[in-house]
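Common to both upcoming complexes is chain A, partnered first by chain B, then by chain C.
Let's look at the complex of A and B:
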């Protein structure tokens, strides 16, 4: 009986729900998706071979825009043709992902990138060929569709994992619920993966700036000490390298609420890289920079000089590995760091120290040294790296 | 000037803040910490060598209590002596962690396990010896202190990373803020690492049960489909193996709000193990079982039979690795599974299938099959593994 009940359940995969309210953005995204399909039909009807021109996401097609101060894609594209043996598979996959996104938007649902893999994976009829063998095949195709349609993944109703929390003097509406980030207890509000205006709508904000910290344990220190209340700010973390939802929310708060952003990150190559991505965008997702990058974000620490300035014990230093040294030298050569003397000095300082420092190392002075002394003094002195 | 300002900042590490309000639990924990110190003094004053008897956390000292239906520690202890060359270091570390916890409680602050490492790490005066060389040295000592004092880490004001979210028909107070889990938008409330009554106080609950899912992406599907609203429940996830905060909150909701708990986990050894830990406790943290384990938790799926029962495509199956097979056989031999025929059949079924299934595989039927068909049908039929 149990089995039968389940068997009877009709898959509604392709059913368009009549009660779904599409947002203006949804309608726009649907139009671009439909256009993609219509072009294929038109090409086929005129007996020409269907193809897609997909902006290239290779390093060669990425450049640092000095006036916009972020990484962006150049105009290079790769043609993907249906009637080309080496491209037919990825052509088909691209159309499959696009049709999956269309279905999601029409159903008013969203899906994880892993979920997309499962939704679209099947054995092609009459063959033994799978549409996708691994999720590692569908993930880059999702990025291809984003960049081809010039639509953020979030606009295609596809999300990655949630990671990161927020607390502070900010109220927004999230999917109809009013979220007061100043009343979020010890846990804070989980920053969703999709934070586009159709999901998150800012209602009011008293905060004067955003303090973004690297890890949840540091976030917790600032939240427990009610730093955001004393200093009237918004406190966020991204659980390491911030995921897209966190970067996009930071960008929206910066753009729409006109809040400056200060980043408190470890004194190591990973901390530098996190800052670089928040500020200038990442090479891999350069097509998102315009809606993700925050060129005026400031680096508040930790600094290479802090070992001496804060009189830290050698006990709390961590020796640089060969990998760290290599990575630091790479980062020093990023075009957006090369012409900045303070950054060159900062990175040289770490290499000269021969060690890295985590934000948590400041706990060795006092549990609340970072919230009561380190950050307040840097803010007062306006002492940041840019 | 900058440097001077920082140098002047007096470390307040040992300052006892007069305005800290201690909870009844804090006072109790402080008493046990003080007793630990007083015993050392008393032993020293009577010219006997100081020692600690630390309950052994080895597999040999753990057993499954059939009437309580969870894993618990037996009475075995290991003696740790100050005047024993091989034990002096760990003896000193134990006292150091205990004194650090005392300081935290007196200051009304909490600290991460990484922060504890930094707080207590220093070069021992007059030597080149570090108190701790790595965090991997301080973490087990924290567990030693917990088990010796019979105090949860959370009661010692030490926390691990936050992971996991909650939404549903539940209102609680967290650190003074009223958190209505039915108004948490798309992100949900981040489950804090410390959820003891002094932090989280339940105010009202309309929910009839708890649905705990493995991953945030599955949680998001249930939240987006407003499953908890339709079925009047509480929805949680633990980001894989749930961290202590999530387990403790599940336990408290189950005990204090009298809510049954259903677990929706992957059909693989990892899913079985997550269930086992939620239900019976973990071997490593057996001393916590009485406040963490939920012996009546039910396993709602995925089941080995679901490939056929739900008519899934072979495309969405994942071949078992040798490691999976080995792990499944180990789990089948857990004393709490050996006498349960349905569980033996379940694990045998997976081994016979030769593949595992993730919850997300149900998306291949329909994006909301899991929320609209799979779980509602299992609930209606009361079809669980126990």
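Let's look at the complex of A and C:
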């Protein structure tokens, strides 16, 4: 309530602080935000019920562009109406997020998605209802605003939490500070959420390729074994499903530094999906595929055959759950996998095995088997899935 | 067996080996039994099974008689019911009416002889049927206290009033007059008589109080005629179910044209004022319908008939029998239509009886019954039972066993349970007045629809012991009780209240045996929006009132407590209840949708300020103006909630009433009306709000 009152008392709309310098992009974004508000006002004045048309972020509304080899969003939209019982609340939330973004831009500040949640959370006047109950409520709304305004998150001055690490023969400037990724110790450099050129500027790079692994444990193994030094590469991980910052950075390194990308992921549906996201873009963020997808990314492993090929012990296998089987079949039917025989065979192989394998399973064979034998051999044999 | 004599006068002597008693010795003990003696031994047959019920039955018989007399004479009934304690478990019950009075000669017979009355031999809708009631009450009083029945009766303003003290000679079933040397005494009219009455301690209400209904021009008027009967008896006065209080309240519902002034043993005065100023249509007396006559009755009728021929007899003694019909009956019975009535023997009566059953005869006329009518049902129910929705239905007349009858049903649906709406001050007042020994009793006896479950729930909520006395609560405890009553929802637990009436007389006992209750339980009330367990009464804040009006109501016993199940009666009951049930269903569904629509709007309205604020921030438009616009759109979008919300709380207009098919009343029970209702237990001074 207090927050609300404060907002009312000092309308920030025109009270721009003189020291905020708006970029051209900011002015453009502000215009779209203003338009959004004006449309609602106009609808209300003509006593029609206001609504928003939000591009739909679902599998049904994405299309695999065969020539570009990534997922694109189609034109399908979902209508969100203020005077619809099931949508009234999310309509209100969408408008709140939009107004919050406007404030951020005008003040020249940026905010995390969690910060957005706290910034916009207040009790609705005269009720006990909160505008947002949990962060999980505000996160998808922020994405809705992005797609509706066709503005990227960073253009709205909103970022996600940092996740994922990088190490390797690469030097860049992050917000004015020079970062040498070969001197980042055991933890590596945390990949920021926003890695656009105005934030990260590549300075020099000796590396010949990028090895992206799924999780921190495996990344630490490679970093400790100084794999990147030995093989002159860049080592990244995305903490499971890579967040946008990681994917955007991979994309930029691939595009700007012309580095090929190899992925070392678990042999399970989740691992396949991560590869798919890196390669073709995610369904949820299909509108950003253009800036995120790396169609030429390669999949090193783990492979379904590795249980036998590497003579692993049965105790490191994990039984497939019904959920896994369902998911694997779903992935096999993705249009970007359907006409790839090796991939179909790979997924079939896993289903036939009846178990999944994590990259960590290789550690059971020898602590450095994965860094000294498995990956180098695969690279040498050029043995990847595409 | 061989020893048994074949004579008709057989004493029923049993075979005897060793002589215990001989036929002769037994014959010495055999004699006729007087009705009075029989009933003094079998008082439970007349409703005097226990002291509490005896008190009720006494009041009931006197009130029923008074109402019958007033209505027959075309006088709007005004009754005084006074119950005073006169010793330990002894009460003096006095009931006075403004009826036509009784001529001097008849007074001792009416009050001092069992089975003496005007109603038994005629077929006409009336409360009393047999002519046992009031004299039996007097006899009960006499048996338990030894005090005579005292009667004051006055037939007109100018004529003197008669005062009698009467006892029944139970052996001969004859009245014995104790005062005035066996002649009773006359009290002159005017102030002299009143003076005499005060001197002799004879109670008499000599004035009609001004009814608040009539407004300011109403004046106290002198009572011109009337009868007052005073009976002293052993009894127990307890409030709650099956009490005198309940009986009078229910009587007021079914008789909206009656005013009752009631003073209970604790000196509290209750006034039930009439809400209708017209007498019910006078019920005509009819001749019996041939279908309803039993063999034995037919035989006696034939014997007593003055008609010469059979055709004449049939046409004169029965309704709906024309010469053609009579001829048809005779042909079927193979009897000559011109046969002499006196010569018809037993066997011929038997064939005649069967022939009657086989002949198609038109249903009896129905002007012999006077139903309460839908409008007055609504008024009466509204007057006494607080609620928000009322519906009533009067069925067209139907016939069982040749007796015409009409079934009427009315239903009241109350919003919030009364216990939940009570104000703290009112609760304190009620607590002070209560004579209940425990809080649980207090709750169940004070608040309508509060069952044991509900009361226990409340007591658990405020952590009182089961034996807590209502009079010894501290202020903090009273507050706790108040809070609990407010918060605990007892509405769902309570089961439907069923008020049963036969010829406008409330039936208070043997609910389970009654055709009304059985029919209600056999119906599916779930389809009308109520919850109902299998084979039980539906639950919810509902009161159902069912009235059976007939020239002869078939009771399951002489004490007139439950209506017997005849298929024809059950069918009519079901149809009447279904009619009101359907209306309730429509109302509940509508209420539900109004509620939903209202909720819908409130959801929209809740978010509009936020949206408007965001718009201001985004586009620089004025938030207040945007809000106004959005509210307008919201109102239009949820217009349904609007129109109906406005209609609530007002009398249903023609259009809406027609949605229910008429005969409904929708009210907004405000706290004021509720307060009146609850306080009315002390002084019923509600006015003609029944119109509302």
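A few notes on this one:
The definition used in the following text is that the second predicted complex is superposed on the first by the 296 of 386 C-alpha atoms of A that agree within 3 Å, B and C clash if a C-alpha of one lies under 4 Å from a C-alpha of the other, contacts with A are read in each partner's own complex, and residues count from 1 in each chain.
The rule is simple: contacts are C-beta pairs under 8 Å (C-beta built on N, C-alpha and C of every residue); 3 or more make two chains touch, one makes a residue touch a chain.
This structure is a prediction, so every number in the text was calculated from the model and none was measured.
More residues of chain A are in touch with B than with the other of chain B and chain C. In the superposition on chain A, contact of A:121 is made with chain B only, not with chain C.
Contacts of A:49 after superposition on the shared chain: chain C is touched, whereas chain B is not.
Contacts of A:188 after superposition: chain B is touched, whereas chain C is not reached.
Of the two partner chains, chain B is the only one touched by A:364; chain C is not. Applying the stated contact rule after C-alpha superposition, one finds that A:66 touches neither chain B nor chain C. Of the two partner chains, neither chain B nor chain C is touched by A:352.
Residues common to the contacts of chain A with chain B and with chain C across the two structures: 7, 11-13, 131. Residues 2-3, 5-7, 9, 11-13, 104, 107, 109-112, 114-115, 118-119, 121-123, 130-131, 159, 161-162, 165, 173-179, 183-194, 199-200, 216-217, 220-221, 224-225, 308-311, 313-316, 358, 360-369, 373-374, 377, 381, 383 of chain B are the ones touching chain A in the complex. Contacts from chain C toward chain A in the complex involve residues 600, 603-604, 606-611, 613-621, 626, 629-630, 632-634, 636-637. Contacts from chain A toward chain C in the complex involve residues 4, 7-8, 11-14, 33-34, 36-38, 40-41, 44-45, 47-50, 82-83, 85, 88-89, 91-92, 95-96, 98-99, 102-103, 124-127, 129, 131.
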